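Below are structures written as structure tokens.
Next, two complexes with chain A in common: one pairs it with chain B, the other with chain C.
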Partner chain A sequence: MPTATYIALANTTLTSAASSVTFSSIPATYRDLVLVVTYNSVNEFILAEFNADSGNNYPFVEMWANGTGPANSGTGTVSGAYIGYSAQNVQQQGIIHIMDYSATDKHKTCLARSGAGFSLAAVASRWTNTNAITSVKVKAQLGNFAIGNTFALYGIVS
Partner chain B sequence: MPIPLGVLAVAGAGGGAAASNAYEQLESVILTGTQATISFSNLNSTYGSTYQHLQFRMLLRTNRAGQNQDTGIFTFNSNTSGYANHFLYGYNGAVTSAASVSQARIEFAISISGAGQTANAFSAHIMDVLDAFETTKNTTVRTFGGVMGTTSTQGITELQSGFWNNTAAIDSITFDAIGDFIAGSRVSLYGLRSA
Partner chain C sequence: MSAWTVIRHEELGSAQASIEFTSIPQTYTDLVLVLSLRTTTGTAWSDGKLEFNNVTTGYSTRTLFGSGSTASSITETVLNIRVSSNANTASTFGNQMIYIPNYTSSTQKSVSIDQVTENNATQALQAIYAGLSDITSAITSLKVTATSGTSYAQYSSATLFGVTKGSSGGVTVS
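Then we have the complex of A and B:
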């Protein structure tokens, strides 16, 4: 029997600048989480930190282009799942799928796409931990999110 | 200053983004052991009158020996002709574009975790099959997928499009790989209703 599946869990729009936004007490009810973020900040990574793990435990592989040359690909490790890269004073958007977030038999693979009118990126990342995710902290690596930036968390039912 | 949100509201059936129940889970296969293929059948007869589009959300890993990545394969309606693929993927520091026509299947290019992948790292794939049950158009799919292991040769991010030169309504789909899928692999099927 089909059931309603794509559930809005929480959202906010910033009325003042903030370095991060945290979704906590996430139940294990769903299969995947989807986080939708519109952001502008300084030139920096926009990341999703799980369960207060701020270590460099999130390797990623990216494919990106900005129209000034061929598309590029690279790998790295940062302190949160890669959502996007913010260029200064330009509003961008990113969507990250956190797959099987409550599973305890696998690391957490994430897929993110982000961009604005001048660039885009497709990224796969992994949290190197088998714990179920109970909190997601969306953070700007260096600076603050701006007034008007939005953050919305959805759960996809199992 | 961090802003803690908690989980402020849980909108159940009829609420929030699911107010019209437009996006619904239909079926899910979660492996508890090794299995060569994962299939869904009777799709048109069961869902064709209710849903317009299908989405498959997957976490996969195979036992393909000695390989960080495996190649995903799928076919519609047990048909083995008339497929075409295009891939754009980032892997080992380079972006690659590739295409193939007149194929026996649609593929995910080397983006499924194989036995050589970092332990506990499953690849993720989100595949959309638009207008799956229409008989006035050929079938087009698009997929976003990837995984990141430990080294640059264990990471791939892929955008894929596939085409089946056939106007038949989709009634079955079979996912396969060069290796066999291992326990923990899952494929979940979702349906999107039309307005």
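Then we have the complex of A and C:
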């Protein structure tokens, strides 16, 4: 029988609005983490904060488009690894892959894809910290996630 | 236990106009469709479409793509599956990976597509899509159809995975 390599770790579906969802006690057992978020909110940056570090310690580079203009690219630094941006109140998804999350000899790099039928983004982020990630807080930068929004965390075995 | 489960794998023994998965079990959390496609005719690449539950309308997509010389963004009203065509390098198939979270939910369905039309020449396309379907019922079938006038070539393949959320390793969520 094949060895399982993609393991479901934890999940939740909101039954009331919340500004964040936190995954804690993440073991150092896996190589990478994958977080799948579905959300619908307006004018929100959706970010992933590691180990309660809410400082501007997450530089990113992105490319994004809305289908009516040219492709865009930009850089910045924010208070969490960039998952997505919600510009309209429609069902959207964000998937962020956190590489080598349990390593203690490197900053943590992430790749994220997000969007829905009105815009999309591909973002590379870096947490400027060499600590192993033991918690991930998914936060809506300005407001709340809505009832029914889902959050699922998976570990990839090396 | 792995969170990914193969629901069904199809490889074409001969050319056909579409590939369809029906009676999709409603027991998973998300769906992932991985495609390896090439059409029997075409020019630089070949278009196609992905539809759910035989519904032909209510799709919107924003696409970001690069052709090797320019990057562009467009809007479409289909979930466009662009693949390698018979005009591309021989024995070469385009790849697509499609993620559909919460496919059994009663909400609209967001779709994420990463794809490339493989070609060892100047005309190839890499694209990422964010799509939305206004279907608010569970997805029970999905169909990939080549553009009119062409078919998917022999050895084209499609694999449908179910992804299951769960709990393990002592991780808590609050």
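Here is the rule we use: the second predicted complex is superposed on the first by the 155 of 158 C-alpha atoms of A that agree within 3 Å, B and C clash if a C-alpha of one lies under 4 Å from a C-alpha of the other, contacts with A are read in each partner's own complex, and residues count from 1 in each chain.
Everything below uses one rule, namely that a residue touches a chain if its C-beta (ideal position, glycine included) is under 8 Å from a C-beta of that chain, and two chains touch if they have at least 3 such contacts.
If you're wondering where the values come from, they're calculated on a predicted model, not measured in any experiment.
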{"item": "Touching partner for A:R126 - first (chain B), second (chain C), both, neither", "value": "first"}
{"item": "First (chain B), second (chain C), both or neither touched by A:G67", "value": "second"}
{"item": "Touched partner set for A:E49, first chain B, second chain C, both or neither", "value": "neither"}
{"item": "Which superposed partner A:V21 touches (first chain B, second chain C, both, neither)", "value": "both"}
{"item": "Which superposed partner A:V36 touches (first chain B, second chain C, both, neither)", "value": "second"}
{"item": "Which superposed partner A:M99 touches (first chain B, second chain C, both, neither)", "value": "first"}
{"item": "Residues of chain A contacting chain B in one complex and chain C in the other", "value": "2, 4-10, 12, 21-27, 29, 63, 70-71, 113, 122, 151, 153-155"}
{"item": "In the complex, chain A residues that touch chain C", "value": "2, 4-12, 21-27, 29, 36, 38, 40, 63-71, 90-93, 95, 113-120, 122, 148, 150-155"}
{"item": "Touch list for chain A against partner chain B, complex", "value": "2-10, 12, 14, 16, 18-27, 29, 31-32, 59-63, 70-75, 97, 99-100, 103, 105-107, 109-111, 113, 122-126, 130, 137, 151, 153-158"}
{"item": "List of chain B residues in touch with chain A within their complex", "value": "1-18, 21-26, 28, 50, 57, 59, 88-95, 118, 120-124, 126, 144-150, 152, 155-159, 183-184, 186, 188, 190-191"}
{"item": "Footprint of chain A on chain C - complex, ascending", "value": "1-4, 29-30, 59-64, 66, 71-76, 99, 101-102, 105, 107-110, 112, 114, 128-132, 163-174"}
